[in-house]
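This is the structure I want to talk about, given as structure tokens.
Per-chain numbering from 1; labels A, B, C and D assigned in written order.
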Amino acid sequence: MSINVAVAGATGYAGGEILRLLLRHPAYLAGELKIGALTGHSNAGESVGSLMPHLPQLREREIVDTTVENLRGHDVVFLGLPHGHSAEIGRQLGPEVLVIDCAADFRLRNESDWHDFYNGDYAGCWPYGIPEIPGNRELLRETKRVAVPGCFPTTITLGTLPAVSAGLIEPSLSVVAVTGVSGAGKKANVKLLGAETMGNLRAYSPGGTHRHTPEIIQNLSPFSDSEVSVSFTPVLAPLTRGILAIITAPLADGVDKLQVRAAYEKFYAEETFCNVLPEGIQPETQNVSGSNMVHIQTHVDGRAGQLVISAALDNLTKGTGGAAVQCMNLALGLEETAGLPCAGLAP
Amino acid sequence: MSINVAVAGATGYAGGEILRLLLRHPAYLAGELKIGALTGHSNAGESVGSLMPHLPQLREREIVDTTVENLRGHDVVFLGLPHGHSAEIGRQLGPEVLVIDCAADFRLRNESDWHDFYNGDYAGCWPYGIPEIPGNRELLRETKRVAVPGCFPTTITLGTLPAVSAGLIEPSLSVVAVTGVSGAGKKANVKLLGAETMGNLRAYSPGGTHRHTPEIIQNLSPFSDSEVSVSFTPVLAPLTRGILAIITAPLADGVDKLQVRAAYEKFYAEETFCNVLPEGIQPETQNVSGSNMVHIQTHVDGRAGQLVISAALDNLTKGTGGAAVQCMNLALGLEETAGLPCAGLAP
Amino acid sequence: MSINVAVAGATGYAGGEILRLLLRHPAYLAGELKIGALTGHSNAGESVGSLMPHLPQLREREIVDTTVENLRGHDVVFLGLPHGHSAEIGRQLGPEVLVIDCAADFRLRNESDWHDFYNGDYAGCWPYGIPEIPGNRELLRETKRVAVPGCFPTTITLGTLPAVSAGLIEPSLSVVAVTGVSGAGKKANVKLLGAETMGNLRAYSPGGTHRHTPEIIQNLSPFSDSEVSVSFTPVLAPLTRGILAIITAPLADGVDKLQVRAAYEKFYAEETFCNVLPEGIQPETQNVSGSNMVHIQTHVDGRAGQLVISAALDNLTKGTGGAAVQCMNLALGLEETAGLPCAGLAP
Amino acid sequence: MSINVAVAGATGYAGGEILRLLLRHPAYLAGELKIGALTGHSNAGESVGSLMPHLPQLREREIVDTTVENLRGHDVVFLGLPHGHSAEIGRQLGPEVLVIDCAADFRLRNESDWHDFYNGDYAGCWPYGIPEIPGNRELLRETKRVAVPGCFPTTITLGTLPAVSAGLIEPSLSVVAVTGVSGAGKKANVKLLGAETMGNLRAYSPGGTHRHTPEIIQNLSPFSDSEVSVSFTPVLAPLTRGILAIITAPLADGVDKLQVRAAYEKFYAEETFCNVLPEGIQPETQNVSGSNMVHIQTHVDGRAGQLVISAALDNLTKGTGGAAVQCMNLALGLEETAGLPCAGLAP
């Protein structure tokens, strides 16, 4: 077997994370997976050694322009491009090429959601890259096109799905997701300067105005009898990697702590990357840093009649690049977990 | 006029913040307020210059033991002691001494709340140090005993009060409050090490188990026709100072954005320290760092039918030491805002 | 008395810091100092309330364009502009206006140093804003033009001057100055993003290539019998405010610890803002955060025959805006220390 | 082949890092290396799932007491214990057991150095775990006892060795090493609280008083014709992992940039873990985070006549746990680089 892989937008954070993971992938170490074209935009012509010194194995490699020509001839193409650039490239790459898109272009099934939250033409919808959503894994095994989910939707969906699908809550969610700054990408922006983010906390896109809101609803709705509503507010915190989502929803009548715990443990019993923590142990982002895990804990707030769910992941790994590699593994028929760390870089 | 002030627990974070503020207080600069005994526990006998080099004006002063003897003979005594130590000291200081307690000992009006959330005997209840709660300012002008509120209750109460008292929401609150690490105080604890808090996010006391929960309900209930419930989850984030609370609650029928904005602006029209931000500007903790301000923004989430409120303050200033000085000003008949910064240390 | 003050570049970090300090300046509080024009570039027309929510007292004020017309008619003009913009504005403002420039334009006495390290024409040299350098205070009392020093030169000069002027060391300095990210200013730059600076340490301009090198040598040379050399390397660290400089230099023959300590204490005996710490207490940037202090400690390394000096300040306060206000005080005949905090915002 | 490995002090940072690396070691993945006893002190009896949730693969495992009995019967024993505990355990484990000690107990060859910097009896000296020091790799292949070096000595030694051994500098080093907080270990200590380390910079053990000083001199001396002196000052900065050392030393006569560059590239031409960066690219700790790499850059400061060297590594990986695994690989005859990441977790 020989798999030739290209990464478009290799110098961005998603692209860099995919490369970091591929470099320890067993297929790469066995010489069966090769890293082909690495493309960039403003940096074309420069070396990986200068642009991404954290990948010393590739230091002699050169970044080339992001063109369809440079991406052709690979078996797998990862797209780590700004939103809106994937549709055209995806169309021009043949149906035999596995295209895995880390942008939002192909995530939404409902065209009107697209127009409510994004600009530009609606491009359609590809199989959605959370294999842990029941039904998805099978689709991902047979596709040549994958839409990698947003990092917030992955956190919130995996945190909430067991409760929604078991009918433990009324699906009216209040969600606050605290996030590190790398989710905003590697582009110059005064509000994302170190001096504007260290020692600082700031909400943004409050109350359901964030683009990831419809994606969360789309994920949960098929598993709920009643209409799902999500009031979602992200908060920017002074760390680089990591999302911690706190999801609050009214408990269904008569639901108790044991039922909740049993439902979560059962739902994820076979899932390597979903870790329902022991009672009393809270998710911490450092425990999933650089890993492909989601850590989840639940708490029944009896006084207020609410279920409080905490879920943590690394937005660049399980939230983007790790999910992309996981989907590649599925689509290529490799072991799903290959090359994906379970241990987090704590401390 | 000559006011002699003692600070018990001067080497802790609350005590240090009170001193930082007093050193620029106009009464101190005019020689009318004097800083008397500074007490500590394990550090007694050492100099301020060694223990608190950030207060160079006091470098030659010595920390003495926290005893009633050392605290006697002052007009004002600030107590920055661990919970449970204030009752005995408060009893032994004469009724003519203004005692301002930064611990939880005298905050709760309801003895059963105390027993649900704290250990030890219930000590009673003192006038509560949020002058911005209607009715409180008058009480604080005539008291010799003040219970300084918890930092979370101040943030959440001031953020929510205008909506509750105008009936804009159903008082069923989901609250996530992201906080810096200084709120936990200056005591050795592995979970609060730099290596366990930097680059990390962690929820603790989830879902209403935090001790500040009954205090929040106590503050809001008098202003609500229906029963107040609060599902409160604090999240520890990698910064030293600052709390950002995100409060989500169901909008009352027919309430719109203009009504919300008008209610907030009217409620705080005369309050120096409560800043309802211009539309579209989000509270950021760096903008209130070291200041006595609360910054507040609201957002009507029409799809989800929720009001989302963001409120930010500095837990050591408006959240503790600044509130303590504000209450001292009131109780002594000084200008309420004297010595209290409005400008935050941004960036 | 009525002093009308303008700030050019008010929305930058230097401008914002000057405003933060002026708002608690006794002359401002007494109504004798007025804050006039606040200028910006890309932000002209917007309100301070939107652009700088940390200054609520000025929230209704509007930022106007940075033009000579807008700056005319003030008694004091602070320039917080990028390097290269001050010369032209300084020329057009009358000689009766006190102009205090926070850029590098007028710092260097030696034209060839200018051409070695900066671009553009050499603009000349103004009185240099470190009053603690012997001889400078008198000049600053009689000038209408001030060049505020660079933040690194202030730290390193004040840390080293007592040793150099007492002949305690050979003036061959190895300097590593660790700095927060606000020193780089409020401009979009990928290398200064939160994601590129948090959890990261990076040297830049190593080994004397930094522009502040000739300024350090210029400051120390008049106090040394032999030629001063400085190998200076700044290191960017994950904090917003603060510089900690470690200066290593060979001890002169026979110099011991007591001599060093005595020399430092004597040199700064009358200086409010220079704090030679008690033995064994190390400078920490949090102890000077937001204050106008420099904290200094020395250590005789007998084995290696070196003197190791540590000096800490807040780059935006004593390193820029505080120094600017201190020089304004001197030039206007006010008390030199007026409005300048000595207590740091620790923790 | 079946290798049974125990980790003493498994819940500390060194122990945790060794486990993180072993869990992706090819011998572990192939079932040839087994993780046996995991010992702790205060935590004995608790599960890994509760104590170290970042290692989900071991979640069911129990921590046992640190006793010789529990450590017996393993082929490899890693010791991640506080200084002073390794000698006794090392003595009682048979000579056929590979013992790899992460403490300082067996690092110093010179008994008088030990007494100058440490307490307790001198225990002797074991082969020293920097394989990249010429001559060491051979010793490490044939030993059953390894002393893992201190994290500062590894950084400074690998940064300086090419210059010292090629005679490019006079070996009179001024060293400032900026470090993250995890190097101090996982023990409660007020000075290491998040609130005392975030937003803060602090030198400690200045001017050669740090215990790692004699270890640095011991490493460099064999490669120098003249006596080595090191004035070493560590600086604590607000990040968890990473050391960036800036080493300044007088250039030998006539040495130029090309010679320096050539000497460094030649010295490390065959070393996987030592990366001499392309010209103009500075070492950054994020680029080596979680990896076993050292990144090195040099700069000739012609004006000051100094060579400035920057070297970065992750104190827990190449600085401790990675070095330990690298030495295990050598001593067991495995591939030296097995299981050791080269890519850093940037951003």
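In the analysis below, a residue touches a chain if its C-beta (ideal position, glycine included) is under 8 Å from a C-beta of that chain, and two chains touch if they have at least 3 such contacts.
Quick caveat, the model's predicted, so the values are computed rather than measured.
**Q** Starting at chain B, how many touching-chain steps does it take at least to reach chain C?
**A** 1
**Q** Which chain has its C-alpha centroid at the greatest distance from the C-alpha centroid of chain A?
**A** Taking each chain's C-alpha mean as its centre, the farthest from chain A is C.
**Q** Given the two chain pairs A-D and A-C, which is bridged by the higher number of C-beta pairs in contact?
**A** The greater number of contacts lies at A-D.
**Q** Please compute the C-alpha centroid of chain A, do the same for chain B, then give the distance between them in whole Å.
**A** 38
**Q** Please report how many Å separate the Cα centroid of chain A from that of chain D, as a whole number.
**A** Computed value for the inter-centroid distance: 34 Å.
**Q** At what distance in angstrom does the C-alpha mean of chain C lie from that of chain A?
**A** 44
**Q** Which chain D residues sit where two or more other chains touch them?
**A** Counting only residues that touch two or more other chains, chain D contributes 13, 182, 186, 195-196, 198-199, 238-241, 284, 286, 289, 346-347.
**Q** How about chain A: which of its residues touch chain C in the complex?
**A** Interface residues on the chain A side: 13, 180-182, 184, 186-190, 192-199, 238-240.
**Q** What residues on chain B touch chain A, complex-wise?
**A** Residues 172, 174, 176, 178, 195-196, 198-204, 206-209, 213, 229-231, 233, 235, 237-244, 246, 248, 282-286, 289, 297, 299-301, 303-308, 310, 312, 347 of chain B touch chain A in their complex.
**Q** Which positions of chain C touch chain B when the two form their complex?
**A** Chain C residues touching chain B: 13, 16, 19-20, 23-24, 47, 49-50, 52-57, 59, 182, 186, 198-199, 240-241, 275, 277-278, 280-281, 284, 286-291, 293, 295, 316, 341-347.
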